[in-house]
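In structure tokens below, several structures.
Next come two complexes built around subunit A: one with subunit B, the other with subunit C.
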Partner chain A sequence: MDPEAPTLNATNGSVLQAAIVYLVAGLGTVVVMGLLGLLMRLDHAGILVISADWFYRIMTLHGAGMVSGLLFAGFGGLAAVVSVDVRVSSRGLWIGLLVFLTGMMLVVFAIVFGAFAAGWTVLDPLPYQGKTWTVAAGVTVYIGYLFTGLAIVVVCATLLRATTAQGFGRALAWDVLFHPGRSHEAEVRPPVLIATVVAIVGLLLVVAGLAYLVPLLLEAAGAVKHVDTLLAKNTVFLFGHTMANLCIYVAAGLVYGTLPRFARRPWHTTWPVALAWNSIIFVIFFPWSHHLYQDFVQPLGLQILSNLGSFAGAFPSFVVTIVGALALVYGADLDWSPSAILMLLGVWGWVLGGLGAILDAVVPINQVMHNTMWVPAHFHTYNMVGVAAFVWAYLYHLAGELSDAPARRASRWAAWLYGIGAAGTSVVFFLEGAHSIPRRYAVHEADWQGYARVAIPFVVLMVIALAWLGAEILARIGRAYRRTRLAPS
Partner chain B sequence: MVALVTGWQWHPLLGATLLASGLGHAAVWWRWPERPRPLVPLMAWWGGLLAVAIAACSRLDPLSDARLSAHMVQHEVLTFAAAPLLVVGMRPVTLALLPRLGSPVARWGHALTRPRVTWVLAAVTLWVWHWPAFYDCALAHPVVHDVEHATLLTAYALYWSPFVAFGYAVAALRTDAARTLYLATGGTQSGLLGALLAFKGTAVYPHYVGVIASGELALRDQQLAGLIMLVSGAAVFVAAAPLTLRGK
Partner chain C sequence: MNPNGVSPVSVWWVFVALGVAWTAVWGWVLLHAGPGPSYEATAPRVRRLRRLLFGVFLVAFGVVFAVSLRAYPYFQFRSRSIGAPVVTVQVWGAQWTWDLSQRILPKGVPVEFVVQSQDVNHGFAIYSPDGTLLTQVQAMPGYANHLIYRFSEPGSYVVRCLEYCGVSHHVMLDTLTVH
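== the complex of A and B ==
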């Protein structure tokens, strides 16, 4: 397929409408949660005093909102990208959005009005044993997560139905994978393969979510006496860690779909691409238990599996996507638009955040580093410099393309500012981790506050960059949305 | 549970009204111009009447004087079961009667069923009746209590009406974006009220504190009532999505 084929065609106007709403709602959530993150850093710097009660509420909201906001914005973008090749049901996307918003409403209400502050990971038995919140708040969060899981099911089923309409094996590029020597003229484009993979993973991870949530809801109802805490910790990390991990793979679909436009070269579904993405269906489910290295009752086999699985998970990303992206742009007459800059910055965010995660997955390092700011460092690099950059880049590109407004040259500065701000914020987190400053502390001692003070100007840079890009997107998005309504369908 | 099914108290006036309404609707439905006659409107109307009967005549009614959580279930049955079912069942009535009523009625019907109007009417009705002074007043005076339930039922019947294309008089929500926004914001406003009740640290309705004779138990009952409103409302709005979103 021509890498510069238009996104809007005769059949996908309604899908693009839903996609725009996903992207705007998801990234709007990310902005609000980012401002909450700034509040927490101001507290760490000793500039602002937030009570411990409110700090942990903000931390819970920040984590839950960021992961789900990025995931759903990414899903919307991916639906738009694949709608060029396959027929996606806009109805499924709207239903998924409504279910997702309902889940988020429950979580937000439990935190804001119910004082729930057990962290977005909702580790059992903390949600039912709060001193500042009631069991009702814990139950509401769990039910909110249940709705969020249902929303993932709806969106993933919608994507999977679309991509597998011409066969499951074709959607997973099995012909390319198992017959590498043959000519594959009718190969699926990588975004379709990626959408299939992330949809399968999404559906499977919800099973883990149900395995966590249903027994705990039954416990609250009195139908189950006691839930095994170690099992609950495993299932919640299998669900939550995999969901957070899934964000980057969803966002990678946007890179595969859009970077070829900027490079003016197609990105083919080659044998390594097919192998890498098929393997992600399995390897994404191994790394969760590196969050349980310090749980001595955890079976040794799972600890070893997690260590090896975390390494294995890196190969498909590093060897195929990142090297592939760099090879695609190497020597190309690249259009250095703000979107292209953000996407290439995102690739580095993925590399560096991933390296931080791999280090944390090594048992001896984990024993020293896991409860320090090293962990927020790795996932902020991964999500802020990686996932968020990809998704912002795609929305900026889509709004520009659909509204026929060319990217402004000056806006490249905003993309670079974002990169500097996000990278600076992450580096400071890494430095804090390297100096053993603990994570999840509401109050930082005077000796630690200097790091957060250095980080704040970088966060402000990000705010400026996003305000700049956001203003441009908002100026174009209305016209872009109207254009999708005018398209024949 | 068995007592809930068996211990019904029929109010003669309400019983007669429900029966007359059901038979009248069946008569109008029988004259439906197309063959075969669609069963959905008939079943929905009778289902809606049954829901009203459950709310008003079953053991839920006396129980709602003693427990806020039971009263909340009663309100949920009226607003989230009876109201949408009656709206779906209204189609033969609107098709048969509205053309005869003339343009002023149609204009009023159109104005009253605009989504912005129905949304505000439902929200205002819900919040006003749950204000402690009004709520306790309704519990103290049976007539006010009946008015409370009738207005909740009417306001939510209007709320659900923009989803049903009657083909006459009723303004419809035309796009999935509009339908999603309408459902999401409708669910959020009722959910907010539920959250405020579920997470409030004190019992807000003096009537129940008096009846239960324990502030702590009344508070637990209030938390349960808030959760019922928050979660069952969320479930209803989510369940409404596949029925109302059409993919256009």
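== the complex of A and C ==
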């Protein structure tokens, strides 16, 4: 397919409408959560004093909102990208969004009115034993998470139904994978393959979520006397880690779908691409136990499996996708639009964050880094510099394309400013981790506050950059949305 | 590798070295993102690069994994690398205090901490007098985790909770005196 083929066609107008709402709602959530993050850093710097109760409530909301906001914005973008090739049900997307928003409202309600502050990872038995919130608040959050899981099921089933309409094996590029010597004229484009993979992973991870949530809801109802803490820890991280990890793979689908436009070259579903993405269906489920390295009663075999599984993720991600993205732009007459810059910054951040994660996945290193600021350092790097940059890039591109408004040259500066701000924010987190500063502390000791003070100007740079790009997007998005309604559907 | 554990600052420098190398490669590619050789011309080189990277990653990860086994913090590994414990300390975590059977410990001998929780998950972490995280283990309700550590220097060591456990998590502190 021509890499510069228009996104809007005769059949996908309604899908693009839903996608725009997903992207705007998801990234709007990310902006609000980012401002809450700034508040927390001002508190760490000793510039603003937030009570511990509210700090931990904000921290809980920030985590839950960021992961779900990025995931659903990414899902919306991916639905738009694949709607060029396959028929996606806009009804499925709208239902998914409604269910997701219901879940989010329940979580927000429990935090704001129920004082729930157990962290987004809801590590059992804290949600029921918080001392400053009730069991009812914990149950409300768990039910909110059930809705979020249901929303993931609806969206993933919608994507899977669309991508596999011409066969499951075709959607997973098995012809390319198992018959590499043949000509594959009618190959699926990588975004369709990626949408299929992330939809399968999404459906499977919800099973882990149910394995966590259902026993705990039964415990609250009195139907189960006690849920084993170690088992609950395994299931919650199998669900939570995989969901957080899924964000980057969903966002990678936007890179495969859009970077070829800027490079003016197609990105084919070659054998390495087919192998890498099929392997992710398995590889993504191995690393969860690295969250339990410091639980010495966890079976040693699972710790080793997790260590090797964390390493394994580098092969499909770096050797195939990152190398593929760099190869695509090398020697290309690249269109240096703000979106292209953000996507290339995202490639840089994905690798840097992954590097921090892989180091932390080595058991003796994790011994001295676990639950220090090194942990938020690595996931902020690949989420803030990686996932968020990819999704912002896609929305900026889509709003521009659909509204027929060319990217402004000056806005390239905003993209670079975002990169500098996000990179600086992340590097300071890493420095704090290297100096053993604990994560999830409402109060930072005087010796630690200097790091957050260095980070704050970088956060402000990000705010300026996003205000700049966001204003441009908002100026175009109305026209872009109306344009999708004009297309026959 | 130090059988007691690795130094966090050394991990930082490994990260910086690898991060700078990656940034250089990324920057070099971006500098060559103008008109140049066709995609078809570079494709065979990319295939060779992928094969090379696959091999390099496989060897590097294998070596790191093998070396790391020597410094695993688990009881069966540390009791071999630093010796069987001669002192045992019972540790109970509870929102938001530590209960330790003893707080004065000898230096230079392996000490075993039997770490448990009365309520939610906690993280039992020992910080050196200069504020560096030395070792840690989780305190889980219903389970006992056994941690061995040998203090090589006398001084006042801070015990912090490193697993978020509620709104006073950050004040869940205690002190160990080693002499």
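Basically, the second predicted complex is superposed on the first by the 489 of 489 C-alpha atoms of A that agree within 3 Å, B and C clash if a C-alpha of one lies under 4 Å from a C-alpha of the other, contacts with A are read in each partner's own complex, and residues count from 1 in each chain.
Note that a contact is a pair of C-beta atoms (placed from the backbone, for glycine too) under 8 Å apart; a residue touches a chain by one contact, two chains touch by 3 or more.
Predicted model, so just to flag it, every value in this text is computed and none were measured.
Partners subunit B and subunit C, brought together by superposition on subunit A, fit side by side with no clash. When the two complexes are overlaid on their common chain A, residue A:346 makes contact with neither subunit B nor subunit C.
By the document's definition of touching, neither partner reaches A:240: not subunit B, not subunit C. In the superposition on chain A, contact of A:90 is made with subunit B only, not with subunit C.
Measuring from the middle, so to speak, at the Cα centre of subunit A, the directions to subunit B and subunit C differ by 120 degrees in steps of 10. For subunit A, the partner that touches more of its residues is C, with subunit B and subunit C as the two candidates. Look at A:106: by the touch rule set out above, it reaches subunit B but stays clear of subunit C. Of the two partner chains placed around the shared chain by superposition, subunit B is the only one that A:98 touches, whereas subunit C remains out of contact. Within the superposed three-chain model, A:447 lies in touch with subunit C and out of touch with subunit B [touch as defined at top].
In the superposition on chain A, contact is made by A:326 with subunit C only, not with subunit B.
Applying the stated contact rule after C-alpha superposition, one finds that A:69 touches neither subunit B nor subunit C.
The superposed arrangement places subunit B and subunit C with a least CA-CA distance of 18 Å. Comparing which residues of subunit A touch subunit B with which touch subunit C, the overlap is empty. The residues of subunit C lying in touch with subunit A in their complex are 1, 5-9, 11-12, 14-15, 18-19, 22-23, 25-26, 29-30, 32-39, 41-43, 46, 49-50, 53-54, 57, 61, 64-65, 68, 71-75, 95, 119-121, 123, 125, 127, 131-138, 140-147, 160, 162-171. Residue ranges of subunit A in contact with subunit B, taken from their complex: 14, 17-18, 21, 89-92, 94-95, 97-99, 101-102, 105-106, 109-110, 113-115, 134, 136-137, 139-140, 143, 147, 150, 489.
Against subunit A, the residues of subunit B that register as touching in their complex are 175-177, 179-180, 183-184, 187-188, 191-192, 195-196, 198-199, 223-224, 226-227, 230-231, 234, 237-238, 241-242, 245-248. Contacts from subunit A toward subunit C in the complex involve residues 52-53, 56, 117-119, 123, 125-126, 129-132, 228-230, 233, 263, 265, 272, 292, 294-297, 300, 303, 307-308, 311, 314-315, 318-320, 323-324, 326-334, 336, 344, 347-348, 351-352, 355-356, 359, 362-365, 367-372, 374, 430-431, 433-436, 438, 440-443, 447.
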